[in-house]
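To keep things simple, chains are lettered A, B, C, D, E and F as they appear, and every chain counts its residues starting from 1.
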Amino acid sequence: MKDRTDIRLALPSKGRMESEALDFLKACGLDVFKPNPRQYQARIPAVPGLTVLFQRPGDIVVGVRQGSLDFGISGTDLIEEKKGGDGDVFILHDSLGFGTCSLVMAVPEGWEGVRSVADLARKAPGMPKEGKPLRVATKYSVLTARFLREKKVEPFELIASEGTLEVAPAIGYADMISDLVSTGTTLRDNHLLPLKNGEIIRSQACLIANRAALKARPEVLEAAHTLLEYIEAYLRAQEAYIVFANMRGKSQQEIAAKIFDQTDLGGLQGPTVCEVFTRAGGKQEWFAVNIVVRKEKIVRAVQQLRAIGGSGVVVSPVTYIFEEEPARFVRMREELGK
Amino acid sequence: MKDRTDIRLALPSKGRMESEALDFLKACGLDVFKPNPRQYQARIPAVPGLTVLFQRPGDIVVGVRQGSLDFGISGTDLIEEKKGGDGDVFILHDSLGFGTCSLVMAVPEGWEGVRSVADLARKAPGMPKEGKPLRVATKYSVLTARFLREKKVEPFELIASEGTLEVAPAIGYADMISDLVSTGTTLRDNHLLPLKNGEIIRSQACLIANRAALKARPEVLEAAHTLLEYIEAYLRAQEAYIVFANMRGKSQQEIAAKIFDQTDLGGLQGPTVCEVFTRAGGKQEWFAVNIVVRKEKIVRAVQQLRAIGGSGVVVSPVTYIFEEEPARFVRMREELGK
Amino acid sequence: MKDRTDIRLALPSKGRMESEALDFLKACGLDVFKPNPRQYQARIPAVPGLTVLFQRPGDIVVGVRQGSLDFGISGTDLIEEKKGGDGDVFILHDSLGFGTCSLVMAVPEGWEGVRSVADLARKAPGMPKEGKPLRVATKYSVLTARFLREKKVEPFELIASEGTLEVAPAIGYADMISDLVSTGTTLRDNHLLPLKNGEIIRSQACLIANRAALKARPEVLEAAHTLLEYIEAYLRAQEAYIVFANMRGKSQQEIAAKIFDQTDLGGLQGPTVCEVFTRAGGKQEWFAVNIVVRKEKIVRAVQQLRAIGGSGVVVSPVTYIFEEEPARFVRMREELGK
Amino acid sequence: MKDRTDIRLALPSKGRMESEALDFLKACGLDVFKPNPRQYQARIPAVPGLTVLFQRPGDIVVGVRQGSLDFGISGTDLIEEKKGGDGDVFILHDSLGFGTCSLVMAVPEGWEGVRSVADLARKAPGMPKEGKPLRVATKYSVLTARFLREKKVEPFELIASEGTLEVAPAIGYADMISDLVSTGTTLRDNHLLPLKNGEIIRSQACLIANRAALKARPEVLEAAHTLLEYIEAYLRAQEAYIVFANMRGKSQQEIAAKIFDQTDLGGLQGPTVCEVFTRAGGKQEWFAVNIVVRKEKIVRAVQQLRAIGGSGVVVSPVTYIFEEEPARFVRMREELGK
Amino acid sequence: MKDRTDIRLALPSKGRMESEALDFLKACGLDVFKPNPRQYQARIPAVPGLTVLFQRPGDIVVGVRQGSLDFGISGTDLIEEKKGGDGDVFILHDSLGFGTCSLVMAVPEGWEGVRSVADLARKAPGMPKEGKPLRVATKYSVLTARFLREKKVEPFELIASEGTLEVAPAIGYADMISDLVSTGTTLRDNHLLPLKNGEIIRSQACLIANRAALKARPEVLEAAHTLLEYIEAYLRAQEAYIVFANMRGKSQQEIAAKIFDQTDLGGLQGPTVCEVFTRAGGKQEWFAVNIVVRKEKIVRAVQQLRAIGGSGVVVSPVTYIFEEEPARFVRMREELGK
Amino acid sequence: MKDRTDIRLALPSKGRMESEALDFLKACGLDVFKPNPRQYQARIPAVPGLTVLFQRPGDIVVGVRQGSLDFGISGTDLIEEKKGGDGDVFILHDSLGFGTCSLVMAVPEGWEGVRSVADLARKAPGMPKEGKPLRVATKYSVLTARFLREKKVEPFELIASEGTLEVAPAIGYADMISDLVSTGTTLRDNHLLPLKNGEIIRSQACLIANRAALKARPEVLEAAHTLLEYIEAYLRAQEAYIVFANMRGKSQQEIAAKIFDQTDLGGLQGPTVCEVFTRAGGKQEWFAVNIVVRKEKIVRAVQQLRAIGGSGVVVSPVTYIFEEEPARFVRMREELGK
């Protein structure tokens, strides 16, 4: 294979992760167009020159690591399991806000006296029957082994499995498991107990890149910049509304001052205040105020506006909030020394 | 069961009503999170402390009435059927805008001379065969009996049924029915005729609360306040756009005056008018106007703006319009004497 | 049939075209309400008096042409195939942006030396076996015949087919085809090659009207006006965001001047610039700027804003952008001499 | 309504019960033809003159009881709940083999010392708080009240509910429930415990008839006869195979005797034994045996056949096994005195 | 295209007709294997050398007529519409038992005095307004024109349409229609009335062949033979069961005689009667009888068997009943003179 | 975990393999009952004492090998990949007839001169770029490595992948692949060429058992016996019909002799021939014949029967054909020395 000149971003193929990744990118303004449902390539018009591929989340980490991919979206769990120690996998964004789950240690409910990892560490040396160590079924052998050693749960043997880990203890395939959970219902249905302090890693979707490509190819660096601009501005905007209100007052300064007195008001730099014209005419007593407010505080903010004479509060959605250069891009340049 | 300290809102379980209620709340900013699809509880982050339950619409009315629920969403039909006469069910909002239908009286098309409730009242005394009174199949015996008595359609006998009411007359299960209709197609398919003046009640989704809880528990009152803030502001915003336009004119006052002359313009308090800067520079002739317009009048409003020199009209969506305290909340406090 | 007094718009029934048309109209603010799923009529509240019908795209063109319909949405392909030469079908809008496809000529991959229409024209005279001319299977006989004659591919015979055109050559039903393609995958699967320069027509959804109705009935003309107002304003808004930013500067004029220096900034008429009030108070150094920017340039626009001192950039969605009278409506009036 | 001359069978409308009833009847050879999916009538060609209606299972019992229906298929639970004490509902077949479930008493897992109905009876008198008796939510008030009185669980109050019974105790709507269960999973998910000896009734689909119609109308009696012929012959055949085997032996008698010695062989009247002709010709040593064997014993029967010289065992399916007059029809005539 | 050496059978592609044809062939033992869902070819292992293609039903008739197909399955409606007058389309089997529908004439319910074709013929000459003849929308112009001329409904004009014929009169696209109906519900929904004596053709799936191929290619004739063997034997077996019964009697002759006395018994050639061996042993009194009975008479046949001493009646399914050479194959050879 | 006393059979969980396995077992008479869809256990009433579990096909092989499972159904591919060299996995049945696929070597279409494994072996030594050996992406490293070594394709490096192997060469993740194919379409879509002689293994579903359990636990041996009885008898019956025909002839011997002369007739041991009684009575000339015929020869067999005087041929389905002890069970006992 000759040296590539294209720029590649791999997205998870199949399942909830694929649809969530596509929905997320679309919401960011990074719509993915797949000209033909039977081909494996797509493109994102907002990032010209970027080729999108679809792969399994685990293969994405390996591909970014070995350099056959420039960018990828995958979960923290698989990234930490497969990124290796050479630093080839650079994490551009570690909290895209979807694909959340946890990797946890779980034991049969019936195990007497084992409720926490500490209990397990105490009992592990004596547990094996007939010389066989504690058998842990998992799909995450790197993370699980590291965790067990850190917590001094020894000796142990890891048993790989393709699926249905949660039945492994019941059928004697293993003694306990280290598995992904989201709601815990599956564990409970199979009479397994997640151990206290037994969360190995909390995972969500991340954007990763090949470090060498970022350093060597300016067009890859530029694509990272563009992706982070859209993603950061979108995620910030997710939390906010833009609020237009009318307020009665003597002057623009007085209005601004009243607003500063309220804890949940005050825009990014301070409110915009303009005159409003009423049918009554005559001397101006009304001003239009325009501020950005956090979504979760919208009702409290409105109540504060009312308290200081505001009314006619109109709230509109926000698509993006851009600040200075994307924080993560700045950090990346520092780390790469560029 | 000990006294509850939680705050409960019950939503309809199953069917079109469930999905419409969830969509409505999400649109209001009151997203419902159900951590586990197999459990019956959920929460609404925008109203901390509120527990969401899923129940049948009829059980919701009963639960609110007996106090095992604080709030509920159900239809006018079931609320009026089951709320009883003790005033325990307080209607916080009576027109959430979804789940609309009508409860109507319908007779076989073949009944000679029976086209209206008046006809029915005239014929009812002589209709029974062999001493049996007019048999009416229904699931709403309270509302139907009250309606028949008011309209002097007597004597009658109500026959309860679980479903497929519309075939009851054809198979001799009853003589006529009192049933919910939305489009009337099912009645026509079964050769039934809805009677003139035979609409017993027109129904849509409502938000109800337990009166005693509103009075006795301040945290329930506070939750009612928050729910109504979101719901009223959302419903008001549904009907409006925010319009940004440029207008040529001599002064801000002149622009405002022109706008007041147009019937479909004029914001909540009067337009916001600012200067605009053109490439030409020099003396300023353009101003930016910012008003709120009703959706249904948007094209007429734009045409009026053009007529008075407006151009470059940009229209953006509105998420909420908050006015003074929610009207329904104010009314509620008055009724409760708080 | 007596003379109609209603105003009719026909939409494609069934398939992707129906759902895309409904989605498009909804996005324009022209929501279609179908009171009863089993009836063939609907209405659009935003255009009072308009009756919506659902028909096959080809029948829509014929209906508009013969005057049983006033308006219709159909594809360029069928409009050109069926509109006839009498000018009865008036194209109000020729690029609604959905339903795109191409009508192309395709031959079996195995035909030696036939890669373009020119090749075909050269070989056609000698191709027929035993006196039979080149047989072309198609559903578009008018367009295909016209194209073949223009390109001097003669002699030929057209063979009508209801479906599965792409297998026609393989089973000897015809020698080649003229068929709609979107991705080309179906052609390739059947070992057919689209000819170079063989695209007969590129198609997308259009809004058409009966010319006589536009001229004779003022209420039809008014409906055309309203439809085009919504459609043009929506399509224009699809491409834009409204941007609110804060900028540090000496005066409104200075800010405006800086913005004019940037290629991707500058609103429809020039930016709106207002004062912003900071907590620091004292002499004012910050101004709020409000401009409309094309979606595809949003990141570049933000970077230019930053370069001239902008920060706190808030981007909101735009529902409509109205300019002067809809361009297509003006053109229509000119053509109709009204 | 005038006297009916048609013969009516009502089937459950909607849900699993409808499809299971249709599948069952089809398997019996009583295929149901519904000419039009939007009408409520159908017919069964194998029983000429029979009209099939679709209704809710509970309404079917009421309709058979009041005589607007002649036959119906419904569950034991609803039949016992709604058949009343007048004997109008005659149970023609009480075990059609589908629609199985149980009505059981269940209490919150957390109730100390309540594991059986006896525990409940002991604790009930003292359980009410503030004078309110034990509240039991149920949809089966007749059966539940009778059961509670028989078991001396008193005092109690029944609370009707439309659905989601299993959450009633958790939300304080009732103290415990009497509900249908199939697998018990839903109870466990809601932390409810089915009481020991708390099964009120075990239910499955039954065929019922109006007693007066059976007595007064010979055509209804004849339809009952035909329905039971098909149903009984089908259910009996469900359990059997017809077995054709070759056996080496001296004579037909010897073969028959050998078969009689085996516990799992022997047809309804004794095996059919014929000569078989082998290629070898000469003196006949092989005989063909033909017996009916129960499905569940097929492998054991084959092993016994092998043990006595059988081979080449061919097993075919059986559609019906008719014996003398259908047992249930005979019993019905006796009960009705016909 | 060179001369074909393969043997082709075309099946309807898409919709109910495709799945019914595949189900029918599978039930006949002519399972269709499609190695790859994306290709248009399949095969039927039971008829080696046969290639299966999938096409639209109308194209199948044309393909069989022009000889690009040897066999096809299509509906009577399309065959009669498109087979032409040259006899190239030979109907091998005219009643495969699926795909049934009718082509009927229907008029708006509101037409005064038009209830039958005779009414229409009487009124047609005077009906046209302003010199335009009666306009009939249809997809079957050959059959409709022939029918109208035969019934002397003149003058008329046919209007072709792609779909939604049933709305054509309401929107003025035509005055009446000639359309396919199955249940009549769609007509009624659109206020159309099927005319008395207005059924143009009753249609069901047929097996057709190219006459020239049957005559010239022995392998095509052989395939026709095999297809008809399976189809006729399957259709005959659909109506029958094989019955095994035990009867008490003196001799085989006596048993046979008793059976002949019963109208619904008696196999194809007479019953098979064998001895049965009972546990009692001693003199033989039981015989096994084996006959074929029509499905619709099974209960009556069993009752007759019981009446003459039968019991233990076991009924098994029948897959095929072969008689002498397939009747339709014999007839075909005669017609073709082979 | 203590020693198990249950008997376990694991079936594939999820996907086509699960449904095919359940369908296959049901067709064999080994219906699987899963009392609760949320639990992982089920049972097979026909094999009392057997517990059914659901696991991934690969885990099934490992579980049978390590002894946590007694029986399993999995594919040849995974069995050969994971069974190891210790003989713990005993293959009871190697051709259950479903789940068929092939593991093949495939290279990019564009590789010059590489069309067969021999070509690859010739080119492999020189192919690596910059010292990296030929990289083969696969999920079957054991089978692939063994195959490459046998075919002398060296040096090579295997690259593990979770999925989407077919895009690996295009994106540089590997040079070529070793992957499962069923129709080859996916390979072609990705421009990959399966190599001549490159089929590593042809796979289908097999029944496997733990060798030690078969030897040590008689109840496991007995379950193996029962499973093989059902499976072998079912698979044999799949290919056959039972045929009942009437034949004219002088004697039973003459009939039998005629039948023996026909190649496609003759049952397992010879036909059963009985007298038939005709209405004519008098001297008997008709006999009933009963033979088993292979499905694929049914038409030829009928034609041969007709040729020797047969008529009235009735064909019934066969559920099982049992012969002597199941061949595979006998072989197993020999191998195990039992």
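The definition used in the following text is that a residue touches a chain if its C-beta (ideal position, glycine included) is under 8 Å from a C-beta of that chain, and two chains touch if they have at least 3 such contacts.
What you see is a predicted model, and the numbers here were worked out from it, not measured in a lab.
J.: Relative to chain E, which chain's C-alpha centre is the most remote?
T.: A
J.: With a Cα-based fit, what is the angle in degrees between chain B and its identical partner chain F, given to the nearest 5?
T.: So the angle, rounded to a multiple of 5, is 180 degrees.
J.: Measuring between Cα centroids, which chain is at the maximum distance from chain F?
T.: B
J.: Where chain A and chain C touch, do the two copies share over half of their residue numbers, giving same, or under half, giving different?
T.: Mostly different residues form this interface, as fewer than half of the numbers used are common to both chains.
J.: Please work out the Cα centroid separation of chain C and chain D, and write it as a whole number of Å.
T.: The computed centroid separation for chain C versus chain D comes out at 61 Å.
J.: Using mean CA coordinates as chain centres, what's the chain C-chain E distance in Å?
T.: 46
J.: Which whole number of Å gives the spacing of the CA centres of chain D and chain E?
T.: From the centre of chain D to the centre of chain E is 37 Å.
J.: What residues in chain A touch two or more of the other chains?
T.: Each of 38, 274, 316-317 in chain A touches at least two other chains.
J.: If you go through all the chains, which pairs of them touch?
T.: So, checking each combination of chains, I get A-B, A-C, A-F, B-C, B-D, C-E, D-E, D-F, E-F as the touching pairs.
J.: Any idea which chain E residues touch chain C in the complex?
T.: Of all residues in chain E, those touching chain C are 1, 4, 8, 13-14, 38-40, 53-59, 62-63, 66, 68-69, 129, 161-164, 167, 170-173, 175, 189-190.
J.: With touch defined as at the start, can you tell me which chain D residues reach chain F in the complex?
T.: That would be residues 183-185, 241, 244, 246, 274-279, 281, 286, 288, 295-296, 298-299, 302, 306, 311-317 of chain D.
J.: Which of the residues in chain A come into contact with chain C in the complex?
T.: Against chain C, chain A makes touches at 29, 35-36, 38, 45-46, 226, 229-230, 233, 237, 240, 242, 252-253, 255-256, 260, 266-274, 290, 292, 316-325.
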